[in-house]
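To keep things simple, chains are lettered A, B and C as they appear, and every chain counts its residues starting from 1.
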Amino acid sequence: MKTIQYFIENLNYITDLTIQHLILIGIAIILALIIWVSVGIAIRNKDKTANTILSIGSLFMSIPSVALYGILVTIPFFGLRTRSAVFGLILYSMIPIVRNVYTALNEVDPSIIEAARGMGMSERQILKEVQLPLALPVIFAGVRVALVMMVGIATLAVFIGEQNLGQLIQQGISRTRTDMVITGAIMVSIIAIGIDLLIGYLKKKIVSPGLLLDDNQGGR
Amino acid sequence: MINLKDISKTYPGESKPAVDNLSLEIDEGEICILVGPSGCGKTTTLKMINRLIEPSSGKIFINGQDAINQNPNKLRQDIGYVIQDIGLFPHMTVAENIATVPKLKDWDQAKIDERIDELLNLIGLNPADTKDKYPAQLSGGQKQRIGVARAMAVDPPIMLMDEPFAAVDPITRTQLQNEFLSLQKKIQKTICFVTHDIDEAIKMGDKIAILNQGRLIQSDSPKNILFNPKNEFVEDFVGSDRSLKVLNLIKVSEIMKKNIPTATTQSSPKEVLDKINDSRQSYILVIDKGEKLIGYVNKKRMKSNSNKNWKENIKYSQVISSDASLIDALSRLIQNNQSILPVTSDENNLIGIVKLKDIQDKIADSYQAESELEEPEVV
Amino acid sequence: MTIQEVLNTLIQNAPSLVIQHLQLVFLSVGIAILIALPLGILLSRDKFKPYLPTIISFFNVAQGVPSLAVIAIFMPILGIGFTSAVVALSIYALLPIIRNTLAGLGNLDQDIIEAARGMGMPANKVLLKIELPLALPVIIAGVQTATVVTVGTAILANLIGAGGLGRMIFAGISMFEPVRIFVGSLLSALIAVTLDQTLKYIQTKLTVQLDN
């Protein structure tokens, strides 16, 4: 098949683009986690602020990424540089991460919190030792969603000059090269699935086994 | 040890206080039960002791010190707190759960490990099996026990318990109550225990404080609450079957009769019949060489089957242990349609006998009731 | 880029493209609903229960394929133009709707359904009167997602000659005209947000009704 041939012939180029793709996502997710997890923790007890922030985030979600990139490009500070792409990715990951952190922290069983308070734990200790560990599974789910989204949105950043797997698809369209398009599409899908599996693996490693039992045992 | 002085709590926006000028003293080593209908303020009162709720007015003294002067977290670290849903941390193992307060107090790991094993043994669980399990892998009864162990981790002199056994089935609940009472004999803690169940209060409490609408109505020993209810509310709350409730408090050993006529498996049929006649009863209990109860034989049967092997006439009888409560004895008597119950040890040795009539007499004594309507005893 | 330029572009070039863009979106989502809804209902029936995890996994994987690729793949098959774009967009919009239909119908309180069946209600009535109304909020959320996503994908559809605001944006990119990029992007964003909020409002109204 033409596609396989293309893949083999251009392995270096494809690997290069893949790495670029991963770097872009990597930078974005690290910054996103630092920013959005902090926000989620900060608003955990402030319902009104949380609602406002989540509404704003929802608003961003509905803006098409190409449109957002388009607007960013016209702003002097951002322009046609990688920072626009990173900024866009961070914005789009707001809702999955903030919403999940906020919800998970608030959904911890109240009797657990009461027991912790009754034992003499301070607010900070409760957050660190009890709430956050218990919120981890849901936070991981949010990170998963954010990352898979980023893989797709990063593809579109090629329109503002980014070099990543989206190039294969875009070039494939303008040069009517199906082999390039399919290669690009498959590579992106592989990355998305790979990241999904990676997060699943990390989750098993990081989240307390006590919380994962239901997954394995399906209820006693 | 715990001294509540005129404490009140009114929630903002509410006109009626949740707790209204309540004063109560809980002595060292005693279990004080706060009991009353829903909304009576018992849980609110409990939570003011460890300052999870701050009183609107009044003072709380713990060991002579005003609780308001202590850092709330430090205060709570020295008070054991057990709640209905326990609140075991699902992301921590049993060992890590129990280690929570010791860690807050910077105990060193060796001491913590030792204490964990000690506590698990104390509550009847095998440390090796249980230590590394997660709450999701435990049964309801196990969770409850571990909740108690966790609260006792740093050996606090005071424990607050809010309906700790309410979330399990009745059989497990009875087990937990009995185990806890045995435990208390060993550890002698000062305990403030909230329940809505008057039977649990009577069973568990050294002192019972009945609350209603935020006020303390009567604070007394279980027997006094049953025999001398202060007013109609207490009478109603205790229930019209309070005479039966007294039976919870009295053990079989207190009224059982010893020195009962018996026949042994070695006896001849004639000897057995003689014994029955001597005893002026219609039956005799049969024991073996080692004083273990086999059953009983009936006079009528003995007479009609004098030629056959008399041992075939031996019938099985329900028994009761000497430290069971009279209510258990009464239930067993009625269920099995017996009017007498042999009392046996764990190894099935015959210790004594308890009669339905004796139980009745005991209650009557307690209430100083005179009987007029009575059937004569049939011989 | 001056305000004057922005306004000019808005007044002269925008209207027809906005209409075209809306046509793309409504047609595609409409077709997607017509296919996805029945399909989702079908797949949620008991006979498909054993296959459900596999089906859902398939959809999860499919979700990972970027919109750009979906459009690109259809280019050689369908050719260029408005119609091809609608086909590609419909297919891409199918996903969120099917996923939410399956999720909505799959997460219903089984007690309610059992009660209905116990009353002797025939299966099709259970579906129409009970299952669908209860799953509706989630399904509408799926339509919401599909719509918003389609607004964005429709921009890309210009690459296969669909027109719409994508034409303005890409023209701006290739001709280095920031004004066009800006106006096209801004309008797309506004359309997306408006449609999203409208559908959200509808969904809230329906959920409130159900709670009552």
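FYI, a residue touches a chain if its C-beta (ideal position, glycine included) is under 8 Å from a C-beta of that chain, and two chains touch if they have at least 3 such contacts.
For clarity, every value in this text was computed on a predicted model and none was experimentally measured.
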Exercise. Line, ring, star, complete or other: which describes how these chains touch one another?
Worked result: line
Problem set entry | Which of A-C and A-B has more C-beta contact pairs | A-C
Seminar exercise, completed: With centres defined as the mean of Cα atoms, the chain at greatest distance from chain A is chain B
For this session: When you average C-alpha coordinates per chain, which one falls nearest the overall C-alpha average? Tell me, please.
Result: A
For this session: Indicate the whole-number Å distance between the mean C-alpha point of chain B and the mean C-alpha point of chain C.
Result: 64
Problem set entry | Separation of chain A from chain B, taking each centre as the mean of its C-alpha atoms, in whole Å | 56
Seminar exercise, completed: Distance between the CA centroids of chain A and chain C (whole Å) is 21
Exercise. Do you know which chain C residues sit against two or more other chains?
Worked result: none
For this session: Spell out the residues on chain C that touch chain A in their complex, using ranges where they run on.
Result: 1, 60-61, 63-73, 75-76, 148, 151-153, 155-156, 159-160, 166, 169, 172-173, 178, 181-182, 184-186, 188-189, 192-193, 195-197, 200
Exercise. Which bits of chain B are touching chain A when the two form their complex?
Worked result: 50, 52, 72-79, 81, 83-93, 100-101, 104, 134-137, 147, 150-151, 160
For this session: Could you please specify the touching residues of chain A with respect to chain C in the complex?
Result: 58-59, 61-71, 73-74, 148, 151-152, 155-156, 159, 166, 169-170, 172-174, 176, 178, 181-182, 184-185, 188-189, 192-193, 196
Exercise. Which residues of chain A touch chain B in the complex?
Worked result: 109, 111-122, 125, 129-130, 133-134, 136, 207-211, 213-214, 217, 220
